[in-house]
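These are the structures, in C-alpha cells.
Below, chain A partners chain B and then partners chain C, in two separate complexes.
Here is the complex of A and B:
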C-alpha cells in the first residue's frame, strides 16, 4: 500500500519534472524568438508584461510568501524611476550605477517604512502602505525643483551598456535587457524559496504564533522580505524610466499597485509558475484592452473599472475563512492597571496553595489509557532533584477582567516531568502560553538561571523552550520535512545578540538550503500533524518541552509513543511539562503533579502524594491502578 | 521654530470656524465609516465613492434640464433599486418571487428617477431626502453584491474587495456621469447661504455652515443614541461583539449588517449634500480624498466610536484649514540663495493630505491593536 503510493508519487514527480522542463524550454524559446515575429506592438506588450512579471515577483515576496498585504508597491517603483532619471540626466551617471542606486534608494525606503509598520495587523498595514505610496506621490508633486512636479520628467537618454548603445525603436535591446532582468529576479526568488530565509517567510505567512514558538525572528524575516521586494520595485522603476522616457507620478497611483496585487492574488498559491501564468493572463490583457479601448475612443477609466471588477471577483474566488484573534488596547490598559493594583495591594497578601478536597476534578475523562498501564512497573524511581532548569514564581496571567493564573510557584529540575492537571478553565493552557511567551504575564520565570519573562517567544524557543499545541499547528506551505528542518534550524540560531548579529543571521539564513539539516533527518515521516509537532518539539536541543494535551482524542496506540518520547527526553537530561486530562495514562513517566483550580495551585507534590490525595477524595484508587 | 509665526487673531478665528465646518463634513463621513467598521469589521474603502455617488444623485436631481448623463443616472438608480429589492427578498424561498420583487424595485426606482431627474422644481428638502434614501438603497445593493459573498472570509479580502469596489465605482462614475468638474447651481447655494445667522457669528459662519454644524452634531448624537440605547442599536452591537452568539439568541445578523450599511450610506448622502452645497464642486475623484480624510478621522477618533469619529473629523478639519495660515516666509528667507529651488514646496497646504496620512500612520503604529478599544467605550 505504502509502496504503491510512494511509487505513484515518484512517477508523478517525474512526469511533473519533465513537463516543467518542456514548459520552461518552450517558453524560453518563445520569449527569445519573440522579436523575430514582426507583429507590430507585440514587443511593447511583451515588455510591459515582463515588467509586470518582475513587479509581481517582487510583491510575491511580501504578499505571497509573508501574506502581508502591501498596497504601496507603486511607491517603490516610483522612487526607483525618479532616482534613475535624476541620476542619469542631472548628474550624468551611467545607467548601471544609476540603477544600482535606484535599487538602494527603494530598499532603504522599504526598510524605513517596514521597521515601524510591519508589526501592524493586516488591514492596518495595508492602509499604512497605501498612505506611504500616496506620500511618495505627494513628494514628487511638491518637489518641483527636482522632479518637475506636475509636469513630470522627460528627456531620458538611451543608455549605453558596456559600449553598447540601446535603441528605442524597435525596442529589441530593451526587450532583451528586461528579459535578462526577469530571468535573474525569478531565479533569485526561486532560490530564495528553497533556503531557510524563504521558508521562514512562508512560515511567517502561515502561522505567526507557531513561528514564535519555533524560534523564528519574525520581525527580521518580514523586514528582509519587505526590503528585497522594495529593491525589486526600484529595479523595475529604473527600467521604467529608460524605457518610457517620460515619467510622471500619475503613472504610480493605486491603480498600478492594484494591477500587480491582482496578479499575485490570481496566482493564489506560492508556486512561481502560478505567478507567471497569472501575469501572462492579466498583463497582456490589460495592454490589449488599453489599445482596444483607445481605438473605441473610450476613456482610460473603463480599464480601471474593469480592473476593479476583476479584483472583486478574484477576492470572492480566493476568499477562505480564517480565524483572527485580537486584543484591544483598552483591554491591555485594563490588564496593566490590574497588574499594578495587584502588585501594590496583594503582593504580601497572597497565600500559598491550600490542600482541600477537589470536587471539580474530572476523572471521568481519564479512562481510555488502559494499555499504558502495562509499563507502570517500569516507572523510574524518583531521582534526587538535579539542577533546576525552570523556576516559576508568582506567575500571574489575566485576560481583561478574568484572572487565568494567580501566583503559580513551581521549580522544574533537569530530567523531571511535571503533569499539570485540573478541570477545564483552570488555567492549564494559560500556564503553557505564559511560559512560551504567547500571552502577557507577570511574575518571575527563569530558564537555566536566565530571567525570560521579558524575552519574546522566539528567543525563549532558541533558549531551549519548546512546546506543542492542543490543536496541532503546522506550516502548510512547507512539507513535513520542511517543517522539521526549519524548526530545528531556526531554534538553533543564536538566541540573543546585537542588531548587527540579527541582521547577519538573517542574511546567512538566505544561503542555507532548506534540506541541508543534520538533525532528525533519519526520522520516519510523521503521518499526522500531531506526530509532526511532537517530533518538532522533542528536538535534541530542547531543554524544556511543554506538551498541551498530547493524548486528547488520540487512540490508545498513540499513548505509548508519547510516553516513550517523554522518557527518552528525560533520560537525556531534559524536562517536560505535560498538560493532560487523562492523568492515569501519563502517570508512569511523571515525577510530580501540579493541580490547578481556577488559576490557583491546589496541589503540588509527588505522584504518590497526588494519588493518596486523590483517593482521599475517592476519585481514584491507587490499588486498582496498580492491579 | 521661532521664525514661524501665526498672523492675526481674526484670521485664526476665521480659519477655526472654517475648519469646524470642514471638520463636520469629514466627521459626518467618518461616522459612517466607523459605523460600518464597528459592525461589519471592514474598512469600507468605497465609502468615499458612495459619497460621490450621492453627490451626483443630488446634482442631477436639482439640475434643470436633462443630459445624456441623466439617463445613465437613471440606469444606475434602477439597477441599484432592483438589486437591493432582490437582496431584501432573500427570505422568499423562490427565486422567481425574488425576481418579481426585484422588478418591483426597479419600477419604483424608475418612477422616482423620472419624477426627480431634471425637474429642478421639486422642493430641495424632498430632493435631498430622496437622494439620501436612494443612496442607502445603493449601499444595500453594494453590500449584497460585493461583501455578502465574502461572508466568513478573512478581513483582508474585505479590504481588497472594497478597494476593487472603490476603483470600479470611481471609474464608472467617470464613464457614466462624465469626468468633468461640475458645479452646484449658484442660486441654490445663495439661497442656502442666506439662512439666518446670530449676530456674533456673522463673518465667521454662513447660514449654510451653521446648518452643517448643527445637523452634523444632531445626527451624530442621534446615531450614538441609536447605537447605544435603541433596540436596533443593541442588536447591532450584539452583532459586532459576537456574530455567532448573536445568531444563536435570535438576532438577524445579516439584517443588522444591512441596516448598518444603509445607515452609513445615508450619512454619506447627507454629507455629500452639505459638501456640494458648500464647496459647489463635484467630480468623480472627489470621494477618494474625502474618503481617506474620513477614514483617518475615524481612526484618530477611535474606530467604532461615533462621537470619536466626529471629534477626529473636527481635528483634521481644523488642522487642514489652519495650515495655510502658518507663515513660512521667514524660514524660507533664511535659506542660502537658490536653495529653495531644489527643495520641496514650502507651501504647507500642499502637504495637507500628506500630514493626515502621517498622523494616521502614527496613530496606527503607536496603538497597533486599534486606537480605541473594540470592547470598551464603543458605541457600535
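Here is the complex of A and C:
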C-alpha cells in the first residue's frame, strides 16, 4: 500500500515537472513569437505587462516574502527614471552605465530609507514608505532646475547597445530588451528564493519573534530585501525612461505602487508562478480596458472604475474560502493527463521518474526525533555540575506597572537542568522571555562569562541560548526541513560584528543554496510543530536550552522523548531550564528546582530539598512524588 | 440531547492533513465526553466542526432534534453551545471586565457582566489574583483561565473545550474539574478534546480514543473502543 502511494507521488511529481516544462515552453514561445503577430498595440500592452511583472518581482521580496507593506515602491522607480534621464541627456552617458547608476541610486535610497524604518512593522511601515514616495514626488516637482518640475523631462534618446540602435517604432528591440531583463530578474528572484537569504526573508515574514530566538539578523535581512527590491525598481525606472521618452513625477504616484501591490497580494502565496499569473491577469487588463473604453469614447475615469471593479472581483475570488478537496488548475490538468495516459495504456512512464531528495542533514533523524536517543542509557546518572554557564542576578521585569520578576538570582552550571515551577502568573515564562531577550529587563545575565543583558535575541541565540515556546511556533512557509536547515545555519553564524560584517554575512547567505527540492519547501511534513521546535532547540551548538512547558497537554510517549533529549543534552555538557507544571514527570532529569511565586523566588535548591519543602508546605503530595 | 451522525471531516492544514469519520455519536445532557488523541490536527478539526467554525463534507449535527449543521459559532452560541480553546487568544488591549461585558452582550445574558465575573472569580482562583491591567500583561496560564471562564459563563447547555488543562497549574486544573462537576450536577454537557487523557473522570464520562480505531461507531459496542467509566 505504501509503495503504491509512493509510486503515485513519484508519478505526480514527474507529471508536475512535465506540465511545468510544457507550460514554460509554451509561454516562452508565445512571448518570443509575439512581435511577429504584427499588432503594435499588442506589443505595447506586452511591454507594459512585462514592466509590471518586473516591478512585482521586486516588490515580491518585500511584500511577498518579508510581509512588509511597502507603499513607496513607485518612489524607487521614479528615482531610477530620473537618474537615467539626467545621465543620458545632461551628462551624455551611455544607457548601460546610466542604468547601472540608476539601480545604484535606487538601492542606496532603499538602504537609507530602510535603516531607520525597518524596525517598524504594519501600519507604521506603510505610512513611512508612503511618506518616502511623496517625498520623492515633491523633490521631483520642486527641483525644477534638475527635473523639469511640473513640465517633466523629455527628449530621451534611443539607446545604442554595442553599435545596435534601438528603434522606438515598432518597439521590437525594446520588447526583447525588457523580455531579457524580466527573465533575468525572475531567475535572480527564483534563485534567491532557494538560498538561505530567501529562507530568512520568509522566516522574517512569518514570525519575527521566532526569528530572534533562532539567531536570524532580522534588520540585515530586511535591509537586503529592501535594497534588492529598490534596485529592481531603479532598473524598471531606467527602462521606463528610455521607452516612454518622457517622464513626469505624475507617472509615479501612489496609483502605481497600489497596482503593483495588488499584483503581489493577488498572487497570494509565495510562488513565482502565482505572481506571473497575477501579473498576466492585472497588468494587461488595465491596458485592454483603456483601448476598449477609448473606442467607446468613454472618459478615463470609467477605466479606473472598471479596473477597480475587476480588482475587487479578482481579490474576492482569490480570497474565497476553499474546501479541503479543492483542485488547482494544475491538479485538474494532471488528473486529465493521467486519465488520458491510462486510456492509452501508457501508464508505465512512472517507472522512469525518480524523486531525488538531497539532504544536507539527517532529515530522517529530524522526523523520528527519538532515534538518536534510543541508545542512551536512561539509568546513567547525570554528570556532576561544574563550570557556571548562565549566571542570573537581581533580575527584574515589569509590565505596565505590574511586577513580573523581582530580584531573581540563580546560577546554572554545565550539564545541569533547572526546573522552574510555580502557579499561573508567577513569572515562569517571563523569566524565559527575559533570558532570551524578548522582553526588556533589568539586572545581570551572563552567558559563559559574557554579559548578555543588553544583547538582542538573535545574538543570544548565536551565543548558544535556544528556547521553545509554550504554543509552538514555526515558519509556515518553509516546511519541516526548511525550518531545521534555517535554524542550524542562522545559529551557527558569528554572534557579533560591525554593520559591514553583518551586511557581508547577509550577502553571503544569498549564495548559500538550500539543499532542498521545491516540493520539500512547499509541502511541509505533517509532524507536530512541537516536535519541530524541540528539534530546533536541541541542536549541537546549543549551550543553554530554555523549554517552556514542553509536556503541557502531551501524551506519555512524548514525555519520554523530551526527557531523553534533556538527558542527552546534559551528557554533552549542555544545560537546560525547563518551565513545567507537571513537576512529577520531569523529576528524573532535573538537578535543581526554582520555585517562583508572584515574581519572587520562593525556593531554590536540589530536588530532594524541594520535595521536603513541598511536603512541609503541603502544596504537593510528598509520597506521590517520592514514589 | 446532542447527536452527530454520519460525520466525515477532512481538513488540509499547513503542516498536513487530518480526516475523521464518525458514524453516529449521541451525547446525553450532563454527560462528559473526552475526545483523546495524539494527533493535534484531528483534535483541531473536530473542535472546529463541533463549534461551527468549519463545515464538513458530509454529516449532520442535531441539537434537541433540530438540525444545526448549517449554524456557525455565533448561531450555536445563541442555542447554548459555548466553546473555548487553548489556541484562542484573549483581546490583549482589553481588561478582564471588558471581556466579560463583551461575552455577556454576545450571550444576551439577563445577568450583568459583573455577576458573571464575580462567579468566575469564585470558580477560578487564578482570576482572583490577576493584575487589574489589560489582559496582554497576563501570563499564558492566566489568559487560558480567563478563556475557560468566558467559555463556561452564561447558561450554556453544551460546553466544548479544546485542551482545557494545557498550561494550567495543579490548583487551576482542580478548579476546572470542580466546574465540570458543577456542570454535571446542573445537567450541562461538557465535551473536551485533549491530547493527554484526563486524570479525573466523572461518573458519566465517555472517553473516545481518536487514534484507535480510526473510525468508530458509538451505537455498536462491539466495534468501538470507547469505554464508559
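Note that in this section the second predicted complex is superposed on the first by the 512 of 627 C-alpha atoms of A that agree within 3 Å, B and C clash if a C-alpha of one lies under 4 Å from a C-alpha of the other, contacts with A are read in each partner's own complex, and residues count from 1 in each chain.
Definition applied: contacts are C-beta pairs under 8 Å (C-beta built on N, C-alpha and C of every residue); 3 or more make two chains touch, one makes a residue touch a chain.
In this text, all values refer to a predicted model and were calculated from it rather than measured experimentally.
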>> By the touch definition at the top of the document, which applies to A:433: first (chain B), second (chain C), both, or neither?
In response: neither
>> Which partner chains sit in contact with A:399 here, chain B, chain C, both or neither? Use first/second/both/neither.
In response: second
> Residues of chain A touched: more by chain B or chain C?
Replying inline: B
> Which partner does A:543 contact after superposing on A: first (chain B), second (chain C), both, neither?
Replying inline: neither
> Thinking of the overlay built on chain A, is A:552 touched by chain B (first), by chain C (second), by both, or by neither?
Replying inline: second
> Given the touch rule stated above, what does A:200 touch, chain B (first), chain C (second), both, or neither?
Replying inline: neither
> Touching A:304, do we find chain B (first), chain C (second), both, or neither?
Replying inline: first
> Touching A:69 in the superposition: chain B (first), chain C (second), both, neither?
Replying inline: first
>> Once chain A of both complexes is superposed, is A:214 in touch with chain B (first), chain C (second), both, or neither?
In response: neither
> Just chain B (first), just chain C (second), both, or neither: which does A:468 touch?
Replying inline: neither
> Which residues would you name on chain A as touching chain B in one complex and chain C in the other?
Replying inline: 324, 400
>> Touching residues of chain C toward chain A in the complex: what are they?
In response: 10-17, 38, 40-41, 57, 86-87, 126, 129-131, 133-134, 136-142, 144-145, 163, 165-172, 194-197
>> So in the complex, the part of chain B that touches chain A is made up of which residues?
In response: 43, 146, 149-150, 152-157, 159-161, 163-172, 174-175, 179, 284, 292, 295, 340-345, 347, 350-351, 353-354, 357-358, 360-361, 364-365, 367-377
> For chain A, which residues count as touching chain B in their complex?
Replying inline: 69, 71, 116-117, 119-124, 126-128, 131-132, 134-135, 138-139, 141-146, 254-255, 258, 261, 265, 298-299, 301-305, 307-312, 314-316, 318-322, 324, 326-332, 334, 400
> So in the complex, which bits of chain A are touching chain C?
Replying inline: 323-325, 399-402, 404, 422-430, 470-471, 474, 476, 480, 524-530, 549, 552-555, 557-558, 581, 620
